[in-house]
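What follows is a pair of complexes built around chain A, which joins chain B in one and chain C in the other.
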Partner chain A sequence: MRSRSLPYLLIAPASLLLAVLFLWPLAQTALLAFRAPGPLGTDVWSLAHIGRMVGDFDFHSALYNTLGLVVVVVPLQFVLALTMANMLRHIRAGRSLVLWIWSIPLGISDLAAGLVWLAILSERGYLNTVLQAVGIISGPRSWLTYETPGVLFAAIVATELWRATAIVLVILVAGLDMIPREYAEAAEVFGATPWQRFRRVTLPLLRPSIQTALILRTVLAFEMFATVVAIGGRNFPVLASKAYDWQYFDQNTGVAAAYALVIMAAAIAATLVYLRLLRSPEHAR
Partner chain B sequence: MTARRLFFLAGVVTLCAWVLVPLYLIALAATGGSGVVHAWPKPFLPTGTLAATLAPLARFLSIAGVWPALLTSVETALVCVAISLALGLPAGYALARFRFRGAVLFRVLVLMTRAFPVAILALPLAVTFIRLGLYDTPVGVGLMHTALALPFTILVSASLFQAIPAELEEASWVFGCSRLGAFRHVVMPLALPGIAAAATFAFVISWNEVFAASVLTVRHRTLTAYLLAILPESPLNVQFTGAFLLVIPSVLFIFLVRRRLFSIWGIANR
Partner chain C sequence: MTPIRLLPRLAPACAVAALALAAPRPAAAAEPVWLSTQLRPIEEAQHVRTVILKDSPVKADFIADQPSSFTVRVEAEAKTGHHVVSLLGALHGELEPFVPLGLLQPLDGLVPRLAADKIPNSLMQLGKFGTQHQYYIPWMQATYIMAANRKALPYLPKGASLDHLTYGQLEQWAAAIHKATGRRLLGFPAGPSGLMHRFFEGYLYPAYTGGVVTTFRSPDAVKMWETFRRLWAQVNPNSTSYGFMQEPLLSGDVWIAFDHVARLQDAFRKRPQDFVAFPAPSGPEGLAYMPVVAGLAIPKGAPHPKQAAALIEYLSKPSTQILTLKTSSFFPADAVPTPTDLEPGLKAEGDAVAKMLAAPDAKPALLPVGLGAKGGEFDKIFLDTFQLIVLRHEAPEAVLKREGEAMQRILNDVHARCWAPDPPSSGTCQVN
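Here is the complex of A and B:
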């Protein structure tokens, strides 16, 4: 009897804490967003905060900026990480060194990454030094203002590619390591080309890892925050930075919570899409 | 060597440079002081002596608020590590050693927590923490960071305990060890390096986190929250030095835990 209840006793504290720290705030956030002071001074159900968010001057640009970043960054990161993971399989010497170098950004915070790229892209930064050396520009020039939104967007994409491709890479490498080599060897015996082996054997077997990587990466991309603030400041509003502004500068937790719910809704929608698109066929389990 | 192989190696080297060159440049920008930040065109090699290189770092640390923020960051991260290990190790052990109803469900739920945006957690916690007296304290922020770190701690420790043969434990039971005694004297010593890696991982998660730390603190800010708050009014060289100080421990830690990174995701996808 004791050893039957033991595993439950062991997972109970962790489950309890996760429940308290996840389910409870989720309900609270919904309450914060959907309840506002009524005419009698007590809180009533209301769409006031939602209305205020949607009417907010920056709401649409924050929404489109966030969506735009996710749609551009995540596929690029996926292709880049998949390429890198495949390259690792063909490295003969120094594989672990290369793997370590490629996973360094995993430990770098979004704020630090943003500032690293600010050093490169600022007016008197390293990129402009190179651009002047090759004769493209003739002096210091600022790129990260609202006058050059395209460059600002590209700068944030570059920073995210630099910082967060590593997490996708690590998940895919872990997945590739679990696929027995015999499958690819068998396909080779039957005359499959390298591309066919990759497309028809490796990719389908890698599907669970691809799913995990894409879900995690997309959710994190929807809540992109410090990178954007460090590089674009207020010139490039995103959903998370608006939530922060409303909470921190306007002291309005209700509207901040409404923004948080939008991020959450986007994250859930993306997760459901991935679960559906990348579902493992029943017979293959 | 064929042209194809050469092309391949060039690709590998380029991608390594893509990661390393920005790190080199931030080191240059951080240690150059205000002189280098405003220099044009920028030098690509360190200019001053070693003492001159370290001076901007010392100057950054002497800015009012930086030392306290650094200490708060460490305190917060240690709180996060302590709670994550205290709750994560038993759960990981249960996943590794027992087959029980709900084990799969538990694993899925743990993974799913990573699909929660931080904003959803941090905003209501700010309200609650004010009520509980945890607002603006390392314990409060550390607790919030535990929510982010605990899922990883559980999965790392599960893979860790799975790698230690159950026979060793069973043998010590035969010799009269209790379950707890066997865990302490047999499993623990073997698991220690892995536990250290799990702790490091939790530390980095807390050390790097910006949003929740900014929302849950006012005066006792962590280093990330402090940097974010002073961003609009601080000169570029201060920002770059701050970024450099944030990056150093992260790079060291990733070096220490590099072998464990893959076991997390290996088990997560199973």
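Here is the complex of A and C:
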């Protein structure tokens, strides 16, 4: 009896902590988003905050900007990380050193990463200094204003690639290391080309790691905040920055909570899609 | 997930902590207690205690507190009848909610005794909140002014004077600089931490339409936005990232800027020889400006009303006002001559403020009054309107109609009456 209840006793503290610090605030957020003052002054169930959010002129820009970033950044990071992880496989000496250098950005906070790229791209930043030195531009040029939305978008994508590809890389490297070399060798014996070996052997075996990496990365991409704010400010609204604006500047917690729910819904939807698309076949589990 | 989730949870905890810290002291104090939302930073508060109050005829116990707990405390003392505080020092908008609740003592008897201090009538009137009685005595003030790099001065349009600039001349000036240098060097604090909304609420709107709320979507307002959109073509596009204009002024990215005196101070302190300060431009309805006024008031039931009144008299004296000026980024409420031993940068700002207040067509426009927690959403209306009309080139009429409705909803929610420069209203202020 004791042995049967023991596992539950052991996971109880963690579950309780998660419930208190995650589920409870989550319920509160939902309440904040769906309760508004009614005609009698007391709070009633209402879609008023959702209406305010959707009716706000910046809502659609924030939604499209966020989706745009996710759609561009996540696949790019995935391809980059997969390539880098495969390159690592062929390195013998100094492999740890290379991996260590490649994962340095992991240790940098997203705000710091944003500020690094801001220092490069701002009017008096390093990029303009270099361009001016080689004579491409004659004076400081502004790259990150509302007049240059394309550059702004590209700058944020570059920052995210620089900052967060490492997390995908680390997961994929761990996944690749777990695949026994015998599979590839066997395929080679049967005359498979390197591309066939990668496509037919490595990728399917890597599927669980790919799933984890994509879910983690996509969820984080929907929550992108500090890098975007550092580089784009109000010129490039995203869902998380709108939530922040509504909470701090406009002082309307209800609408801020509604934005938080949209971010959560998007993250859950993406997770479900990945779980379904990248399901490991029954016999392989 | 995002930190937003945590905020509503943290706020009450902070409030409780703040209340605990501000717990009333025993009422037996022989010295009057002076509770203030201003001069809160520790050095400033210490300066009040050790310098300003040193030569005061009345000793007082100076306590600085957050605006939110200030309100809670004053209301709690009135409700329980357990009065500890004798003197209040706070911004106009922080004292205003106490007036309809009848928590402030009229100070009409004190006004004649302050005549020698020459507090301008326009400021004194603010302390009446549109009633017959004087509820606070103006204590100190701040405002928003213009600053320019001396390099910009040669491009001033012919016949224009820095001290009496119009918005039209500002546009010509910036255009001349643009033409000569190829750069747009006029700047506004329109970034996330900037105070651009105050420019619309206190400067542009009243200068062009004579009001803020009532005239929000008037034909004058449409014309104003069209004019401002044209002026924006001369504005540095990085303006939507600027918070404190002292930074782009110092870096040379901007030559002409508008901002709060405290947010320009660094430029004037670090390189006083490079910058000039001057009043805000004027429009068809006059030189509108937004005074940020702090006042001194005595709560009803105060344990030491006489000493508190004596303290107000002492704090209003020109010599005390100058001591206060040296402590903070606020300027005297009195018409005191700027002291000669003042830092040159601070003096430049002070002179510009004095000129603006003394302008014959000066038109003070108050910070929004009575909006409470809806203040942020009210500011958003102006920022959204600006975004849509100026940055996204939407038709002003349609935007103003939609945003005007949103503004009316906010005013209805809190039953806010009109504030200057809009004419006083009997009920909720109406967007015409």
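Here is the rule we use: the second predicted complex is superposed on the first by the 278 of 285 C-alpha atoms of A that agree within 3 Å, B and C clash if a C-alpha of one lies under 4 Å from a C-alpha of the other, contacts with A are read in each partner's own complex, and residues count from 1 in each chain.
Here, a residue touches a chain if its C-beta (ideal position, glycine included) is under 8 Å from a C-beta of that chain, and two chains touch if they have at least 3 such contacts.
Computed from a predicted structure; not experimentally measured.
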item: Chain B versus chain C as contact partner of A:251, first or second or both or neither; value: second
item: First (chain B), second (chain C), both or neither touched by A:235; value: second
item: Chain B versus chain C as contact partner of A:147, first or second or both or neither; value: second
item: Chain C versus chain B, contacts on chain A by residue; value: B
item: Which superposed partner A:193 touches (first chain B, second chain C, both, neither); value: neither
item: Which of chain B and chain C A:243 touches, first, second, both or neither; value: both
item: First, second, both or neither for A:111, with chain B first and chain C second; value: first
item: Chain B versus chain C as contact partner of A:28, first or second or both or neither; value: both
item: Touching partner for A:15 - first (chain B), second (chain C), both, neither; value: first
item: Common interface residues of chain A - those touching chain B in one complex and chain C in the other; value: 25-26, 28-29, 32, 124, 139-140, 223, 225, 229, 233, 240, 243-244, 247, 253, 256-257, 259-260, 263-264
item: Contact set on chain A toward chain B in their complex; value: 3-4, 6-8, 10-11, 13-15, 17-18, 21-22, 24-26, 28-29, 31-32, 84, 87, 90-91, 96, 98-112, 114-120, 122, 124-126, 129, 132-133, 139-140, 162, 170-171, 173-175, 177-178, 208-209, 212, 215-216, 219, 222-223, 225-226, 229-230, 233, 240, 243-244, 247-248, 253, 256-257, 259-261, 263-264, 267-268, 271
item: Touch list for chain A against partner chain C, complex; value: 25-26, 28-29, 32, 57-58, 123-124, 139-140, 142, 144-147, 223, 225, 229, 233-235, 240, 243-245, 247, 249-253, 256-257, 259-260, 263-264
item: Chain B residues within the chain A interface of the complex; value: 8, 11-12, 15-16, 18-20, 22-23, 25-26, 29, 37-42, 44, 83, 86-88, 90-91, 93-95, 97-98, 100, 102-103, 106, 109-111, 113-128, 143-144, 146-147, 150-151, 154, 179, 204, 207-211, 214-215, 224, 227-228, 231-232, 236, 239-240, 242-243, 246-247, 250-251, 253-255, 258, 261-266, 268-270
item: Partner chain A, residues of chain C touching it in the complex; value: 1-2, 4-9, 182-183, 191-192, 236-238, 240-241, 251, 253, 373-377, 379-380, 384, 387-388, 391
